[in-house]
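Both complexes below contain chain A, partnered by chain B and then by chain C.
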Partner chain A sequence: MNLLVVILIQASFYALLGMGYVLIYRATRVLNLAHGDLMVFGAYLFFQALVATGGSLTLAIMAAALGAALLGAMVYLGVMRPLASYPVAVGVLATIALGLVLRTIVTVIWSAQTRYPAELLGRTGQPITLFAGVNVSGIDALIIAAAVIAMIGFPLLLRLSTVGIEMRGVAENALLAAQRGINIHRINAFSWAAATVMATVAGIFFSIKVRLGPDIWYVGLAGFAPALIGGMDSLKGVLVGAVIVAAAEVLAALYIAPQVALAAPFLVLLVALWMRPWGIFGSREELERI
Partner chain B sequence: MTWRGLPSTLRTDFRDDIQLLDSGFVRFWAAAGLVAALLLPLALTNFWTGVANQVFIAVIGALALNLLTGTTGQISLGHAGFVAAGAFTVAALITHFEAPIGFVLLAAAIVGAILGVLVGLPALRLKGLYLAVSTLAAHFVILVGVGQYQSTISYGSGFTIPSPSIFALEIGSERAWYFFLLPFALGVLLLNLNWLRSAYGRAWMAIRHRDVAAEALGINVALYKLLAFSASTSLTCVSGALWAYHTAFVSVEAFDFDMLIRYLAMVIIGGLGSVLGACLGALFVVVLPHIISILADKIPVLQGLGGKTFDLQVGVFGVAMLLFLILEPRGLAGIWARVRFYFQLWPFKYRAWES
Partner chain C sequence: MSKRMKLLCATALTCLAVTAGGGAASAQSTFKIGISGAATGPASPNYSPNIEGLRTYVRALNDRGGVNGSKVELIVLDDKAAPSEAASNAKRLMDDEQVLAVGLMSLSSTYAPMFQAATRTKTPVLLLGMGVCPATATGPQMNPFIFCSGSTSDPNTAAAWQVPLVKALAEKNKDKVRLALIAMDIPISRQGVDTMEKIAGTIGVEVADKQAIPPAAADVSGAAARIISKDANYATSYAPVSTTVQMLGALRRQGWNGWYVHNHSSDAEDTLRQLKDPKLVMSPEYAFTVEKLPIFDAIAAAAKKYDGNLPVDKLTLGWASGMVLEAALKKCGDGCSKEKLLESLVGLNVQTGGIYPDPINWTKDDHRRPASFVAYVWDEKSQSIKRITEWAKVKDGEPVVARMTN
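== the complex of A and B ==
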């Protein structure tokens, strides 16, 4: 039972990360390899806000989310938009370069020292009883709650709100959407902002739960495995992919070796790419095949 | 008929079109460059000779990556993994068999070729983004594999590689390495140029431009893709093996994401698809960190950054890659071509044909 809960927590975390990848892929058709660095940047914004506000969790999260949204929009307008007409591979390479720049900015501003925002919050990590016999810590409950909210909220946003409908239109056919008077750059900037906020949320949780340092970008990078396994353009696919990857990782750590757990997401990904390259719920025509 | 080294547009013969040194001007400067390269170690300190050796090794790796990603258009993010495979071939053969360098380099080339086929097989089904991801996954899997090997054989501490010797001549000093690596790098450069002007190179470029059209022209796309993969990974493994010998120490930590990024930076900054670009990019990426650390010592404003020079180097690579991708996708090779044509054509502004 406890094993299932551990997998659930890990899967929720991966779902939060993977949704950022899907949002960006739907908007700009790019696998964002800078997602881990956006996550680190957002987490540091949170840490800075936490220091500034003297440990107010709500205020710090709001400030970090605002900063992350601005950052995401700036990244789209400054880097991705000029590259819009280039092959996909160029966009992917550009996100790698972007990640390098972000990582440097983080280390130059905040230094490479490991920090523990949980200390600033003064939480003792009292367990919360989720339901009979199953206890989780407060932050784990928050992770699950955030994943559930995002999993329900984003499809609703895409289905009901104007901006959501416009996002779907741009994802389906950017040219037609532009013809119909949708400002596709505004919509794409919004998608990047939303994805950066998702990355930041994941980064905040990770930094409270484990630690904060420039090297945790690796954690964020692993999030592309669930997104690809589920299908890059499918939000519900992320959920399935996250559960698969989390289960593989937790079970590998438990039964094989902790080092294998680090590579587990990528091993699962290789198998998935080999068997079903377009992902479980991804649309098949997304994959250019020979 | 040439003018200021500009090749004539009128080609009367196919051989005329593919020859490497197509005018007296180019021949003169190629010879002068070779003499300069042979005399260079006399002018360099031991440290800078070592840097030059790193450049040679990087040139081999960058040419290999350029062959796959630039010429054939198959994006590979598994390059650091292949370098690791080459370096660990050295470690394994020396630890278990104490094999001589010639045999080890040949073995590394074969290991690389086999790895290339294994990693290239998915490339027959995957394109673009998905291929990039599967090679990235291959990178992590290779690293876990060699990491396991390292922790079981050497208990995690890494492998020390003794200096190799050829015909009882020990290659120990940086200057000896220079005269070993210079012909090696030149040989790989010539090999690349020869591939590119042969049917192989034309097939690879056709696949890059559009694989369906290449197939329609009678090119066996699957075969040539696998050839490109195994040629590239084979050269990469050789460069990894040379790296292992030159560094004299192999440990899995060296082959991380940063190494992959350095190689990508070389081909992007140099100019994707250009042999000259791969060489210039390798020079840029290897030498720039040293220049940055010298500047950081000399310039008062930068001294405050102190121990952060390593992070600064990474950031400079990132900014340079972004700027080149956005502003000059043809890279340093593109800039070079523009400067060259400006002087060759002066007082005219442009010429009516593309070379």
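== the complex of A and C ==
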């Protein structure tokens, strides 16, 4: 039972990360390889806000989310929008460069020193025993809750709100959406902002749970496999992909060796791509368009 | 020879003399030392504080008038812990800058290119800060140009302390040990836990599990679940502190309540203070600032004066490196050259004010630092760090007896 909880926690974290990839891909068809660095930047904003507010979790999260949203929108308007008329590969390359720039900025501002935001919050790593043999720590419970909220909230946003309907319109056919009067750059900026907030949320959880340092950008790449397995343009696909990846990782570490755990999701990814290249819930048309 | 010719020759000779004299004067005006270290990149949390500590020491030294009246010029290059960058740094420092010596403050994977360049250019290389002294370790071996004042013994030496420490802890707690050995999936770390496994067999400690965590693992919950499933009640690692923090967190979140003995690292004290886990044991080769040694006051004063933003405990290993450098240059004296410095390093005797318990004393055949260990934990009662063992000296990788303080 505890094993299922471990898989659920990990899947929730990967789902939070994977959603960022999907949001940006849906809007701009760009695979954002700077997602890990946006995650780190957002986590540092959280840390800075935590220090400034004397350890107020709520205020720090709000400040970090606001900062992340601004950063995401600025990245789109300053970096991605000017490249909109170029092939998609140019945009992908731009995200690699963006990642390197962000990594350098983080090191210059906050140094390479390892930080432990959990210390500023008091200790949240202690487990709560739900029932015999099943332990969940406070931070893990928050990760699951955040993933559930995001998984319910985003589809509702896309279905019911004006901006969500516009996002779907732009994702479906940007040219047609523009002709219908939708400001596609505003919508794309919103998508980048939302994805950066999602990356920041994941970064906040990781920094509280493990540690914060400029080197943790690679953690952000962990959301890539779930997004691809589930389908790059499908939010519900991310959830399924995240569960598959988390289960593959945990079971490989438990029954084979931790070294295999790192490769296991990508092995699953290879099999998934071979069987269904557009992902479990992905759109076949989107793949052809790429 | 005509008068005009004599005048020309005299002028030329004068110019030569002035140039030569000027050259000699400039060689004595500063001691040029190169540093290649992991100032940025994934390994930087372990190494960049060492570089800062050394910089702080050298600034203070130069403000005191330098060494024998000459300033020490540090040329610090970032190698990002990448062997290719280290090779490029070695070339620039040894060939282009013609430094007297290079201080290496980076991962052991950068040693090979640096050692090769040292042999080619006959430049002394000092392994400083968190340098691993490669006695029998995986990777390049010591050679006549390599001197080790670093705080990390080779994995065999560390294993000879950590496993007996686990045994002593368990005896004190009246536990039967089932030990999990944890490495980062890099050669030197794996070698450490392999040696631990062998030592455990010789001193009657049961190994429940042995595993290597990939450096880029985003989550180690599965690996932690495996340790719990094997009923391990003690864990120990020879790995960077990041691996320990990640693994310990994952274990605790799954309800594991065992003891975790971490090998040393330059941020061991800070990590202990931040995690406040009463069953996390740090086993460094240097004194923590809780020992209240006078040298820590000197470091604090220098850090304050030069606007250092790092706490004292992070600067100590870099500071000790500076002490070694100063002593070597002082012994080398005026007109110090690479050859003269190489001679000076043999027989050098440096006391580090208690940062390391033993003096650094290199002989012709042994360029390593004596390996002495100690252990600290977070004491919940006093809400501070406390030492729990006596210092123990490890010789030739022979397991020691760890003596608990009370």
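One rule holds for everything that comes next: the second predicted complex is superposed on the first by the 279 of 290 C-alpha atoms of A that agree within 3 Å, B and C clash if a C-alpha of one lies under 4 Å from a C-alpha of the other, contacts with A are read in each partner's own complex, and residues count from 1 in each chain.
What we mean here is this: contacts are C-beta pairs under 8 Å (C-beta built on N, C-alpha and C of every residue); 3 or more make two chains touch, one makes a residue touch a chain.
Keep in mind the model is a prediction, meaning the values are calculated, not measured.
Contacts of A:V210 after superposition: chain C is touched, whereas chain B is not reached. Applying the stated contact rule after C-alpha superposition, one finds that A:V219 touches chain C and leaves chain B untouched. Contacts of A:E119 after superposition on the shared chain: chain C is touched, whereas chain B is not.
By the touch criterion stated above, A:P155 is placed in contact with neither chain B nor chain C.
By the touch criterion stated above, A:L100 is placed in contact with chain B alone, chain C being left untouched. In the superposition on chain A, A:F266 makes contact with chain B only, while chain C stays out of contact range. In the superposed model, A:A253 makes contact with chain C only, not with chain B.
Shared-chain residue A:F13: touches chain C; no touch with chain B. In the superposed model, A:S137 makes contact with chain C only, not with chain B. When the two complexes are laid over each other on chain A, chain A has residues 107, 112, 218, 259, 262 in contact with both chain B and chain C.
In the complex of the two chains, the chain C residues touching chain A come out as 39-42, 44-45, 48-49, 185, 211-214, 216-223, 225-226, 229, 241-242, 245-246, 249, 252-255, 267, 271, 274-276, 309-310, 314.
Against chain C, in their complex, chain A makes its touches with residues 2-3, 6, 9-10, 13, 107, 111-114, 116, 119, 123, 125-127, 129, 135-137, 139-140, 206, 209-211, 213-215, 218-219, 221-222, 249-254, 257-259, 261-262. The residues of chain A lying in touch with chain B in their complex are 29-31, 79, 82-83, 86-90, 92-94, 96-101, 103-105, 107-108, 112, 218, 224, 228, 232, 259-260, 262-263, 266-267, 269-270, 273-274, 277, 287-290. Of all the residues in chain B, the ones that touch chain A in their complex are 69, 75, 122, 124-130, 132-134, 136-138, 140-141, 143-144, 147-148, 211-212, 221, 257, 261, 264-265, 268, 305, 308, 311-312, 314-315, 317-319, 321-322, 325-326, 329.
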